[in-house]
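What follows is subunit A paired twice: with subunit B in the first complex and subunit C in the second.
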Partner chain A sequence: MARSMCWHCQSAVTGEYFCERCVKVQPVSKETDYFTCLGFPRRLTLDPKQLEAKFYELSRTFHPDFYQTKTPAEQTISLGNAAVLNTAYRTLRDPIQRAEYLLGLETGSVKDIRTSPPADLFEEILELQDTLEEYRSSERDSQEGQKLRTVLETEQRGLEQRKQEMEAQLQRLFTEWDQLQDRGEATSQTRAERDRLLKQMRDLLSNRTYVTSIVSDLAATIA
Partner chain B sequence: MTRIVGIDLGTTNSLIAFMKDGRPCVVPDRNGRTMVPSVVALTDNGLIVGDSAKEHLTRSPERTVYSVKRFMGKGLADVQNELTYFPYHLTETGGVIRIRLGEKSYSPPQISAMVLKELKRRAEAYLGESISKAVITVPAYFNDSQRQATKDAGLIAGLEVLRIINEPTAASLAYGLQEKTQGTIAVYDFGGGTFDISILKLKNGIFEVLATNGDTHLGGDDLDRLLVDLFIGEIRARNDIDINRYPDHMQTVRLEAERVKIRLSEELTATVSIELPEGIGRFTRELTRAQLESLAMPVIERTLAPCRMALKDAGLTSKDIDEVVLVGGSTRMPLVRQRVEMLFGKVPHCHLNPDEVVALGAAVQADILSGGTTDMLLLDVTPLSLGIETMGGVMSSLIRRNTTIPASAKELFTTYVDGQTGVDIHILQGERELVKDNRSLARFRLKVPPLPAGVPRIEVTFLIDANGILNVTATDMRTGQSQSIDVKPSYGLSDAEVEQMIEDSFKFAADDVNARKLIEARLDADALLKTTEKSLAEAGHLIGVDEAEGIRSALSQLATAKDGTNPRPIRAQMAELEQAAKRLNVVMLDDSLKKSLQGKKVSEVR
Partner chain C sequence: MAYSDKVVDHFNNPRNMGSFKKDEDGVGTGMVGAPECGDVMKLQIKVQNDTIVDAKFKTFGCGSAIASSSLATEWLKGKTIEEAQQIKNTDIVQELNLPPVKIHCSVLAEDAIKAALADYQKKADGQPSDTK
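Up next is the complex of A and B:
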């Protein structure tokens, strides 16, 4: 987590967060990923309790409250470290954000994940958009409006069901990924397996985001 | 390490607290009162603060400022629809409200600074040491401008504000320390002018805020206003007189409304009695708790939506809440307790005094910062999303609401035109899509080297620190050089203005000290005049005529000196009088001793 050389006494830093010679706090390196920051391996199924315990422990290490009596330089480092730690915990705490972050680490920028409708739902969603438009322009209390509303409610339930299925499937992929990582083999077969998992996860995540936004749009319209 | 105090700077009352032997205590005044009314009055002898200023509310309403917290970090347009309720005159300069008091205008931070100074003075007298560092509490839902304004107030009062902390979380610290509370708690904080709800997880000394919500313009003040409107309407109908035209009577009505409201938390009925202007008699009526509650219901209902939002943001339902804690004077209302109990399905409690618990928590946080308490740590959140304006007047969110602070976000900026030398950045806070619906925090111009379009790469870091206050820094990614940013706050004082106000406050501090010394000297002179006159009347016959005349002359000289505006001659004349009456006092003492000994045996005297 720490840089190789202490900013204060220029001696080599071997400790994790503090210089062993002058006991000054060291800034979290920009290259440190969130998994490393929180001291976890790059896995997709993490125990929330352990994650929280580690977050609390590191908060006690870095929080600016405990640096009030230290030098301004140390205060600045503590502030920066605490901000990184908070972002790291927020990202890893949520399984979906955690997976998106890992995909970003493994394959490049997360922002590349475009949201796209599931291929088999394409027709259905187009139709749903039309119904939504119709409903928006209709009289809510009219017979037509109420009929459309019933259709939309059924759609919403269906899509929520679908979202849950996708999340369950993602969970299976997460476990597969972790098992592959745990084996730690570097054969061409495991490399192909790795690429397949990454692609499947990416597709599912992008479909899930799409469905999530449709569902919240639906819920807001008929609320 | 110098002592750090904790201050609850409230809408209606303020308190100051400190840690003693691992426990927080609130500083009382000579009469044992812990609350200082957040009221500042301009009198002929200068500015006065607290209880004595409160007496001026009805005497000189246009020169007595109360509820100034409602104006912190705001422009005049923000409070337009409640201006009629305030008897003092408000204007605006540079996006900041100014309050007219006599010849001068003061910003809300300056008025708040006077309250802070009074608290500081009180603590200094009590502890016998000078105070220069403080933790000050703010409503959790305060935005960046309101927090900055509070910090400015501290600076103007000569305090180094080491931390701004949220009132409900401060309360949770006090509970955590004194009651060893664990689990998930909801802190419902309904005060004089603001409402907050915070959901926290307390585990092994870590106080993690999961979500917070609120309304910085909703409090007991609003209930008082409903009663004021009711009474004024009835007075108009009954006596055909418009109280609105009489600012001093308006204040009488407001204070009576507040008194009756408080009374109805204990009693089922109360009598309202208000003296009317122009000597036309009194307005009296009975008010029942039920009547108050039917008026108050809509206001109390407005606190429930933020509670539901906070639960939702925390990803919890009311079933997950282990404990509900009440903070703030307005939670004394039985109806508030009922509604809170209904919402959370639990009996809320306030084992610690709801008026003092925030100040106590601030003292605990102060102790954490000074290294005294090491087992407790507060992890708070930012109440509002932070973003910047993008194309088409849309806000692009950078740090979402309820993100644990400190929090940071980086954004890369470049140019669209060849040779462009600056990028304008507009920072916003709020939950809405469009820029116009959110709160503008500040604007600044990013300096960019003149290069072909798209080549410059400036990384801007938005960092919300542990106070919930935004800091902006920028780095040129090509050169690695950082640039200083001159942020112009939309609703705040500029650094130069704050500096000027600090300077002014030192300048006026001399005047203030003089005013205080004068008041004290006059009080002491009055006491001396009274006792000497009494002695002279009782024992004047025991001393010579010339001597008695000397005392009389010294008495009249002190009486004259007392009317002056300089405390020094008063003290000098007091010394003269004491000297002149010295023998009188000795003679009197002997005489009374003699009298008390008469008829007693020597053995009894021994």
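Up next is the complex of A and C:
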């Protein structure tokens, strides 16, 4: 952890969450990323069981209930840490959110990665939106309404399948990314590889969001 | 937070909804998306003698995104290319009274305008001018 001095006894902090000398709880620094906070390496494939176990362990460590008899300073720290911990766990628990978060860490801002907008996908979404609009204004039981419904149902199945394919592809990229990190080399080749993976993940994550959004709209309309 | 009256008005009565043929003469198409929320916006301009004579949009997204693009097409009509370049997302925020969480919708509209103008320029540059 990127902390140097205990807020209480001013000695160098060597323990992870507590000062080893005076045993006071230490605030999780604002610069600490969620991976470090939960004691995991910056990887995209994490074991959910391990993650959950660590979360519970740290929840017990920081829970404000256990600090009721402590000083106000310690109570404030425990409250702050518990909040950070909750956000960290919520973010890392979900593979997609975890990837979005890691991309943010790796690139400063996710927007810094130049991506080409998927024009074909956009056209498709807008066309589908037109069909949805037609369906909404049609008589549900009419021949026309039923025909539109069949079209939309087919589209929905197709899009859901594509979403699954995207997720499978993301999973492969996650593994590739982790392998690259594990190798830990810093050559121009690995840097190029790193940039390629980041861009591909960025594109896929964005496209997945567009597809998810239209799928949920479809589902809500024809449900 | 509730939507402002202007947003609701544009949402209920969107102006200039629809599209032009992409390959039509003088038509510029801007297609943009917001990966954060999944909104998609298509904005098109029709240009004659350096002036935007018509504009259309299609947006799949929240009320603010629809209102932002609807307002953008209203503003674009009658403007020259140069004037259109000056439209800023902050103008849209101000006009529609967008809350902070919806500012990205106006950014999307500005991006769409820029993309449509760029597309028009690209097409215009590619074709030899026969007017002069």
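The criterion applied here is as follows: the second predicted complex is superposed on the first by the 207 of 223 C-alpha atoms of A that agree within 3 Å, B and C clash if a C-alpha of one lies under 4 Å from a C-alpha of the other, contacts with A are read in each partner's own complex, and residues count from 1 in each chain.
As a working rule, contacts are C-beta pairs under 8 Å (C-beta built on N, C-alpha and C of every residue); 3 or more make two chains touch, one makes a residue touch a chain.
Small disclaimer: the values here were computed from a predicted structure and weren't measured.
Colleague: Quick one: is A:129 in contact with subunit B, with subunit C, with both, or with neither? Answer first, second, both or neither.
Modeller: A:129 sits against subunit C, while subunit B stays out of touch.
Colleague: For A:119, using the defined touch cut-off, is the partner it touches subunit B, subunit C, both, or neither? Pick first, second, both or neither.
Modeller: Only subunit C; A:119 stays clear of subunit B.
Colleague: In the superposed arrangement, which partner chain does A:56 touch: subunit B (first), subunit C (second), both, or neither?
Modeller: It touches subunit B, and subunit C stays clear.
Colleague: Figure out whether A:47 sits in contact with subunit B (first) or subunit C (second), or with both, or with neither.
Modeller: A:47: touches no partner chain.
Colleague: Regarding the shared-chain residue A:206, is it in contact with subunit B (first), subunit C (second), both, or neither?
Modeller: After superposing on A, A:206 lies in contact with subunit C but is clear of subunit B.
Colleague: Regarding the shared-chain residue A:68, is it in contact with subunit B (first), subunit C (second), both, or neither?
Modeller: In the superposition, A:68 contacts subunit B only.
Colleague: Could you say whether A:94 touches subunit B, subunit C, both of them, or neither, answering first, second, both or neither?
Modeller: Once the two structures are laid over each other on A, A:94 reaches no partner at all.
Colleague: Is there a shared patch on subunit A that both subunit B and subunit C touch, and which residues make it up?
Modeller: Touching subunit B and subunit C on subunit A: no residues.
Colleague: Where on subunit A does subunit C make contact in their complex?
Modeller: Touching subunit C: residues 110, 115, 117-119, 122-123, 125-126, 129-130, 202, 205-206, 209-210, 212-214, 217 of subunit A.
Colleague: Looking at the complex, which residues from subunit C come into contact with subunit A?
Modeller: 31-33, 35-40, 42, 58, 60
Colleague: Could you pull out which subunit A residues touch subunit B in their complex?
Modeller: Where subunit A meets subunit B, its residues are 56, 59-60, 63-66, 68-69, 79-80, 82-84, 86-87, 89-90.
Colleague: Over in the complex, which subunit B residues touch subunit A? Could you list them?
Modeller: Subunit B residues touching subunit A: 1, 162-163, 203-204, 206, 208, 365, 368-371, 374, 377-379, 403-408, 463, 465-466.
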